[in-house]
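Below are structures written as structure tokens.
Note that chain A is present in both complexes that follow, paired respectively with chain B and with chain C.
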Partner chain A sequence: MGGYLEIVAARVRYGDVEVLKRIDLSVAKGEFVALLGSSGCGKTTLLRAIAGFNPLAAGEIRVGGRDVSRLPPDKRGMALVFQSYALWPHMTVDQNIGYGLKLRRMPATAATARVTEVKKLLGLEEFGQRKPGELSGGQRQRVALGRALAINPDILLLDEPLSNLDARIRLTVRHEISALQRRLGITAVHVTHDREEAMVMADRIVILNEGEIAQVGTPTEVYNQPNSAFVAAFMGAENLVDIDVRVAGEAIEVAEGPQNRRAVLRRSGRRLESGRAIARFRSDAIRLSTASATSAEDGDDGLLLRGTVEQVGYPGGIWRHVVRLGDRSVMVDAEDRFDNGAEVHLRIPGDRLYVFSEAQQ
Partner chain B sequence: MVPAVRRPSDLTPADDLSVPYSGDPMPQTLLGLLLVTPALAIVILLFIVPLASSITGAFEVDGGHGLGNFAKAFELYANDMAFTVVIVLSSTALIGLCSIAISGYLTLGSNPRAVAILRWLYRWPLFVPFIVVGQVLRTFLAKNGLMNSLIVETGLLTASQTTSFLDWRGIVIAFTWKQTPFVTLLLAGAMASLDRSMIESARNLGASRLRILFEIILPQVLPTLMVGLILGIVTMMSVLSVPMMVNAQTPTMITASMAFRINAYGDYGVANALGVVSLVMTSAVAWLYLRQTMRDHR
Partner chain C sequence: MSGLGLDLRWIPRALGLGLLAFIIFGPLTNLVLWAVAERWYFPHALPLKYGFSYWVAVFAPRGNATGSLVNSVVIACLTVVISIGLAVPAGYALARLRLPARGLILLTLLIPQAFPNLPVYVNIARIFYQFGLNGTVLGVVLVHASHGLVYAVWIATAAFSALDKELEEAARSIGASGLRTFVDVTLPLAAPGLLASAVFVFLESLDEFTGTYFVGAPDVTTLPLLLYTAGAGGNYQIASITALILLVPSIAFMLVIERFLRADVLSKVGR
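Let's look at the complex of A and B:
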């Protein structure tokens, strides 16, 4: 695969701890890739390794076919936007943005023109003479982005650049950044722990877990076809039931259990073995009905669970129920409200059910 | 309703015990004053009163008041005053440079072992008294001292070409050696507390370590450097032992002149006048510093 930025068998150690365990990743030119994972999964370590701040214990990082693993950060054609923005408080916005140009000995007139261009691109025209301390969080974030873009990097690296913004601004800045990235056609690697942020911004998502890549795919792929229980849970399928399955050709038979009825699911390319399995599903993928009202149309590519409503809340738009299924409880969103103690049936369509053999976990 | 008097048994887990107990305001105010009194008395008795008496003493001439002591002080010791200013300023410049270099390396050094060794070494002079510094340098810098012996040994100079450093240079070396660790301690602390990513973002754009030190780090820790240097100046202005031991000649520093004035002549008037002169010098530095911080806060 002819990627522009290629990470080949990369390992990073902090002392005796292997933080990144053999990462292989290829990013195409102009692509926006998000590294997604919970804290401590190694996503920032990977970004810093790409940037040149964390040395590789093994492996290679290539840009356009050239090995840059041993090059210092500034020789890699990359610019990093830091989580804390890392603006220099004693310099004005103009000086912050123009510092990289000054280091490259760009003539003053050309540098001024470039700084003006970058400020215009980011809507910072009127702030040139201000110091970072006099700017809002969103403006600072744009200055940090401008400082990185001013030197025309081939690759833009973003380390949780939105995590210090308040929720409302974050939503607009998300779109600003991805629109800018598309307009400039720049290759971008973005680190985030925010699933939705990764989904709306990135062309492809890399989910990391304990220093390893759990799954790589487009937002729809990782959302709808998680390849492991971890990815399914991380992508929001938090509900969990234990089932017994028997794989028979293109069908998966789910045995009658204490909480579920017998069902037959289409296999649809699932890698699964007969035996104990777990099924994961999202709270909004469920049709909830009272136990008495359920008709006989069950069993056909869908799973039917029996439970008791334990708690009801209204977060807005839908009713959120906590339903007890034996010794587990699950969250179920429904248009209608079901009272505490109601006996209910939960129907999950086969394509919204993520089934994994217990041994795979 | 919160009861006016609460027993420990009234406390609930919600009670924030870090908030001072404010049930009875009167005794607490009295207690506070009582606690402050010893410190206040010591400051007044041992500092303000003697300071005031030596300042007024500088203006007392033959039972009356006048500037006679100052006239005499300038007539006899103008050279010493200039000498003091030159010594202190050049030492301060050297201390500044050395402490920037050391704390810069402690912050940006890439060899962890070298950084650790430097960190361990640089503080030693802090624990050596001035008088010992004077003593050590006396044997080290003399014409036949260790430094010249080493130079002669290497063949760079012959024994007849060597000179004694026991003059103004010796004082500057002593002050720099003794005061650099103190300023470095403050400066390295300020540098270490800067957001590390500010350094990395400059590296990311291609700044060399020297540029990072002078363009990114130093401007942000300049107030700390100034505080350190000003405290250093005040200390140097008050050291008697080093000029006495290292520089046994004239011109010498104001402190030595004051001691001489008192010990040889019992002339407290001129000694006090010299004291006021050095107080004016340190006040000038303190004023410069205050003006700078006021500007920064505006």
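Let's look at the complex of A and C:
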């Protein structure tokens, strides 16, 4: 597929440590891609490699079919927004935003008009003469964004630009940035460790794990069809049970276990082998009931687990239960409250259950 | 009463502060008194006659003071130009590039300071003699620069290290070349530290005696040489007046340091 930004078999080494292990990624023009992962997974390294600050040990980075891997950062037509904003403290807001235009030798009147336009776009009209030290975190963040947008970059790179903002401002800035990106049609690569941020902002999410791409997909794909136990856990399916499965054609038979009842699941394209497996599910995907009430119901495309309530809390809206299943415990959200020590049944629908062979991990 | 107890506890502190004030201001007072004393001899605690006739003598066209002052300032300025001119690229390289023997290079710069001054300068004088540099302003400037370079490079390295690398990367990422980034971002932001090191080198040069004596004297006379000659001749008035003139830039230096040298730069000196 002919992507606009293409990363082909890219590797980055720091000394003997291979931080990025063969990354292949294609980003279409105008697309917003989020690189998501926990700290140390290599997401910032990948972004800095795209920007030209980390040399590739192998592989290629192409923009519009042109290999830019050997070009210095200033020749790549990209603009990077730093996590620290990296605004120049000795320049005013106007000078910060206009610096890229000055470098391009834009005539003064045109440059002033462009700076004014960018400031208007970002709601910074009043702050032109201020120095970065006199601005709030949110305003600095917008100046950093404006400095990058002013030069009309081919590709906008964002390195966790929201992580230094208050939680409340972060929510609004999220929408501002993605609305702006869509309006201007800029190709953007955004690094974040915040799952929700990636979900609401990006067209596609790239989940990185230990220097490798774990999964690439739209937010709904990575959320509902995680391809590995790692992605499932990273996307919030923290609950875990061990099961025994037997794959028979389009059905998956779950053998009766110490915590679960025998069940038959539809295969629905799952890649799975017979044998030991783990099932992951989210705390809100479960129907909780007392053991006596559901005993008659049979598990058709769904898994029934037996456990004991250990702890109940009310984080707001729902009751959150910690339920003990043998030597593991899981979190279960329910509308109704179940008392400590209550024997309960947990029913997880088949499409909310992520099953992976133990060998796959 | 508690008030009395508090007063009593203040006594040692007051004594300590008094002693400190005496240590700091005692010699200064003596210096000022000598500068305005016309006649002063033992056992009198204070001068017998005050006046400014020695000031007139020092700054008279026939006195050497004006010429020495001009010499001192010219030499100090040239020393600053050479030292900072070398320290800016050297300091940037030491701070930014991953040099293998960074610590060793910084230490090597200290070597001229590690040996006793006299033998070093005697040898320099001998070598300079072969090149005809003895008794020239250039020779004295070179000696001062060898001395000033240490401070200049150390402080410049610290000034560049204290700079957030991302500030430079931000400029590179939106299209500035390496040199352009250095001129537009790095240099202005490191300027306060570089200015402080320039002032430091200037003062070092202004105060320098031994090297000037061996390389410059008698053809090149600076203020410290004048002070030495006056002091050795028992002329305490001339010596004190020269010392007071030398004191002015030192005080200016303190003000500049206080104003410009930030703590985050100081904390990186020698790292």
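We adopt the following convention: the second predicted complex is superposed on the first by the 360 of 361 C-alpha atoms of A that agree within 3 Å, B and C clash if a C-alpha of one lies under 4 Å from a C-alpha of the other, contacts with A are read in each partner's own complex, and residues count from 1 in each chain.
Assume a contact is a pair of C-beta atoms (placed from the backbone, for glycine too) under 8 Å apart; a residue touches a chain by one contact, two chains touch by 3 or more.
Predicted model, so just to flag it, every value in this text is computed and none were measured.
For the composite obtained by superposing both complexes on chain A, the positions of chain B and chain C are in clash.
In the superposed pair of complexes, A:Arg104 makes contact with chain B and with chain C alike. By the document's definition of touching, both partners, chain B and chain C, reach A:Pro73. Using the contact criterion defined above for the overlaid structures, shared-chain residue A:Arg147 touches chain B and also reaches chain C. In the superposed pair of complexes, A:Ala9 makes contact with neither chain B nor chain C. Of the two partner chains placed by superposition, A:Ala113 touches none, neither chain B nor chain C.
In the superposition on chain A, A:Pro89 makes contact with both chain B and chain C.
Residues 51, 53, 72-74, 78-80, 82, 84, 86-90, 99-100, 103-104, 147, 151 of chain A contact both chain B in one complex and chain C in the other. Interface residues of chain B facing chain A in the complex, by the touch rule stated above, are 195, 197-198, 200-207, 211, 215-216, 219-220. For chain A in complex with chain C, the touching residues are 51-53, 72-74, 78-80, 82, 84, 86-90, 99-100, 103-104, 147-148, 151, 153, 157. Interface residues of chain A, counted against chain B in their complex, comprise 51, 53, 72-75, 78-80, 82-84, 86-90, 99-100, 103-104, 147, 151. Considering their complex, residues 164, 166-167, 169-178, 180, 184-185, 188-189 of chain C touch chain A.
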